[in-house]
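The structures considered in this document are given below.
Next come two complexes built around chain A: one with chain B, the other with chain C.
Here is the complex of A and B:
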């Protein structure tokens, strides 16, 4: 998947290689373009000019420093939930429960900040971050453990665990963590010492974005530079060969879900300590689902995840303003995102066909069955 | 040639080519009503392809199929059933969680006139069962039935569709001797009612017991057609394996080395719970290649899996250099110095989506890690060395393994395993799917390992491969070692008889 692995190939080969990075980029861009076009057709039906809507969307998104900064603020948690899915996907596992891991990370981080408001910032922030990662990681690790121990389906367990996590959060913001006023199911505002410092003052762009970037870097190192990553990828690509090679897949299941859950949990820290400064019942309810789409669009590669998250952040910022300032319904942005996902998934089929065609061509040229 | 009114089935000039393989080459075959025709042949003789054509699963490239004297085109199993052809596959096609009657009526043609409801079907099944000695409780869940009962269910499924030609593919492979006797009794009953049976097998004993006529296939061609009673087992065995004795190559006379791999009274269960390996004992010495010949499915792969820590060892012991080999721990067996070239390199030997250099350290990762990080420099050096020594093409450590040709993929597996098998190498079908050049290369690598004083256990269904490469030849049949010979005294006819399940000293 990385460029270096194709270092020996010529440029033309890497262009046509269905697994090459250029091909990934091409198909992702194509999917985005087709998604824009399809949503544009819907806009036509609604009596809006797609060209005008898209012009407004992008001019709004990049209108001023505040909006541009907002793109980064929106992208930061999306990078992390995207990584959560992508990382597990590399091991052939599906973590559908990023939403729940995110929520538990969020309430744990808030609980930390509310319990130790007297601590200095330099101590409280790492504490909150670590607590959120631990909470998300353990919650995710539970899925991995069930898979390893009982051969449970990780797709279902992780998905269902989100409902449990939502219930836990509901309980916490209604009873132990409820605001002092006791009016709404939400926490008090966190002590300012626990706020992630702003990167650009006057905007929502906070240093948490760079934490997300660091997480993407860490995911890349884990995947391609460590033995855990090696084992994960071997299990993900060929489970029986990994077993035959003596790799203990059960350990891999648990480790992968621990790390994957920690990514999603960290997103909770970013949102609570960086943007909301409190926990409101049921906030950001789509972060986990969008993370799946971002991971798929980004080819489950950390760099791709970062780029896709930025694109989705821009769509969110621009889309929100377009729908607020015109009669375009706000659901059009969700539909647009849905179309992009659809085309990305369709492109997998196309690439599969392409790969088979390549294999056939090679077989014909080499005269030997592959 | 039979007169058309008694001829139930005839295949004329059937040819079927798969990419690179001529599976059937102008095969002719006919079977009469009230006859059991045995189709006898080794692995790769084209038996399975032929019956799959008959059952509509493959289309022949040329040739005609006639049923009851009429040329027919069979495009799917549905067509075959409509013509009265039923098939009992080696691997059953039952839904385990459903009951017997539900399985029987599944996919039943509503115009067949047979009841599809529980009660009616059950009554009908009991009637059929009594008639043919195939009593199965129609309301039993298939998963709870023994293998023999499941096979009865399969047969009932075919009879329920009123078939008059029954094709059975190696039907006794999974049966106990008692169950096999029941099956034969049914087949005789079925024949007596004027029906036709095609019995695919590689076991001579069964052929002699049940067949009226025997058609031998070898290498995708007809290799002889005989009436029961006019042919001896020896003759059939010779027809089956062919008369041409493969070239023996240079004989390496070396003093017998120390015992490296000792297997004593080993019992292993196969995938379906039956004993696939039944009390096998042998010794491989340093500097020796022990080749195990045999038709596939006679326990060889389970034996190799068990030695390499992949299958549970029910009884017996395996020693390497006198010490008990770790059980059920492929990593530990590997570290103990046993390399394993598995039969299915795509599934078991390689992660095709990883690079060549990654696959070359797949099993030995701990030697290439420091504090959890990969030692990429060491991995690269290892890859460059092995690529050079084993002639892997293209010589790029970073290329995706899937982009290599089959021969070069096998070289990657062989390089890793021969390198790691300091003491012993277990190779199963190491040249399957390779062209001649690549196969010869793998053979040279194994011979070189032997000459360095390692013990090599070679398992292959290609008799010529075993005989030309091994110092000692063993034959496995029905999960047991049927015979062990030094290569000089290995006689192909004897081996053929043993492979076909004939025990004892053949005259």
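Here is the complex of A and C:
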């Protein structure tokens, strides 16, 4: 309803039309640096030296093979929730509900593994993956359908549907899927046949990371090599022009949210079958919000999303260890992400101004030439 | 007895939704969505608690909450109105940041207390005679001061918006910014001012949860209530009185959930009751057919360039 008018904003312009990879890299790095600096100022309130905290953070993240491998394990689901936001954003749509799609994907994947523990791995793993994508995709697709059918505000519906998804997951792990002991709101440990094999043994780096990379590749192909992608980007750039060109935007709404939700749902499969091997009530509560930050930092491009997710993965591994070994509270990670996002937005303004100044200078130079 | 409690609680729980929705109506009428509302609710809850705990005065707490709202509003307004950046993305960033800052500074100031720190929340003020009316009396006339203010502010907001010159300027800024600009009024200043006012109201709304009602602060105390206030704005068709009607319905849903959870009656799973307000929001969004959307909502205003 309201998103229709966002086409001309300078942010969506810069976010989806970067002026060169080098300039994007420069401004993204600058935003990350300023974000680290601003969060560092807050650490002074706790009497911590930001330099020391960041030294610890990065030395923790790259301390040994286990921690470096953990960066990839942490980045894998972040790539997928980042893709979920970026993919919809390319069509000018807002999927703010990746957290809920992730949770339903996670709980469906776990239900699948718990119901068919007797199946061999080669059958059970694809089954769980497909189930998680179907659950996330259908839950996300519901938002797209509501937008197409009732002209509902997709931002609001996807946001609200997350709270409903959380309630559904809470109910499932409290009642039908609850562990046999019945002590905590969590499921039993899944059968080993349903675990995603690890890539580096003795670490949490599992093959799911490559599944996430494949998803990023698939998003790229979908966006730039298929008719759906062309239609999506047309709707994202200028909705009324797309309509005049005969593109049925309602179909685009539903397809985009189906795919976007499936990405987030697959993140549930990676976390449950790859890392946790069970579902615990309220785990990974920030995955959806972090995905938005990653998508914005990565310029809503699959490659940018992968790189940003690796950076966030490193910040999470190091940040978690810092907060465990010192009195720096874990909320610093959210603050860091918030600051980085803000600086990215401000850098879009700066880049917009720079582009205009360049264009004006060029025009002036052109005018003086005989 | 149960009905009386339910009604009283519904009127009480609608208070922050009213304040948030009123601010949102005002700001959206000028063409800007206040997408930072959820973060402002949480930061307001934190600032209200902190102010009240340190000074020992609830009024100081409410002032702190409004100030915290204005601080976020200045950032949000500067980026979206003056720098003309994307409202939804900016809102998402500020929501993450504001929530993080509130939680961080609670820890900085109070450490990790074994028991949650508490303040004495607002006390109900009974209106003489009227509060003695059976059933309705306690529900409507034995509330705290903020609830009376919020309910009074809605008709006042309607009057300002539709019956005063200031209201005309607000509405024109959203409907036809070019005309406002031609009349010599700065579109950007009107919008920025509206963002600040709405943010102050949302900060106050957040503080209701911490010091108006519970008397403590917790990280997850808002849980999407800011977004419900945001939704009430357009469910109420950008009209304070429409938002009032919506807030009452949500107040009843909230109150029914709390009453049923504490009563020990187990007809439906608790989780369903918790999800009810959100399901209701989605359902209401779908049921609403005709909207009176401010024409320039969500778009930055740029003067034509020479």
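What we mean here is this: the second predicted complex is superposed on the first by the 334 of 370 C-alpha atoms of A that agree within 3 Å, B and C clash if a C-alpha of one lies under 4 Å from a C-alpha of the other, contacts with A are read in each partner's own complex, and residues count from 1 in each chain.
Rule of thumb we're sticking to: a residue touches a chain if its C-beta (ideal position, glycine included) is under 8 Å from a C-beta of that chain, and two chains touch if they have at least 3 such contacts.
Here the structure is a predicted model, which is why all the values come from computation and not from measurement.
Between chain B and chain C, more residues of chain A are touched by C. In the superposition on chain A, A:331 contacts chain C only, with no contact to chain B.
Contact with neither chain B nor chain C is seen for A:44 once the two complexes are overlaid on the shared chain. In the overlay built on the shared chain, the residue A:245 is in contact with chain B alone; chain C does not reach it. In the superposition on chain A, A:289 makes contact with chain C only, not with chain B. Using the contact criterion defined above for the overlaid structures, shared-chain residue A:357 touches neither chain B nor chain C, since it reaches no partner. Of the two partner chains placed by the overlay, only chain B lies in contact with A:226; chain C stays clear of it.
In the superposition on chain A, the residues of chain A contacting both chain B and chain C are 5-6, 8-9. Per the touch definition, chain B reaches chain A in the complex via residues 19-20, 309-310, 329-332, 334, 340, 342, 347-355, 358, 362-363, 365-366, 368-369, 372-374, 376, 394, 396, 398-400, 402-403, 405-407, 433-435, 438. Note for the complex: chain A touches chain B at residues 4-9, 19, 225-228, 230-231, 233-234, 237-238, 240-247, 359, 362-363, 366-370.
Contacts from chain A toward chain C in the complex involve residues 1-3, 5-6, 8-12, 15, 42, 45-46, 94, 96, 146, 150, 152-153, 155-157, 159-161, 163-164, 167-168, 170-171, 174-175, 289, 292-293, 296, 329, 331-335, 337-339, 341-342, 345-346, 348-349. For chain C in complex with chain A, the residues that touch the partner chain are 33, 75, 79, 83-86, 88-90, 92-94, 96-101, 103-105, 107-108, 223-224, 227, 230-231, 234, 269, 271-272, 274-275, 278-279, 281-282, 285-286, 291, 293, 296-300.
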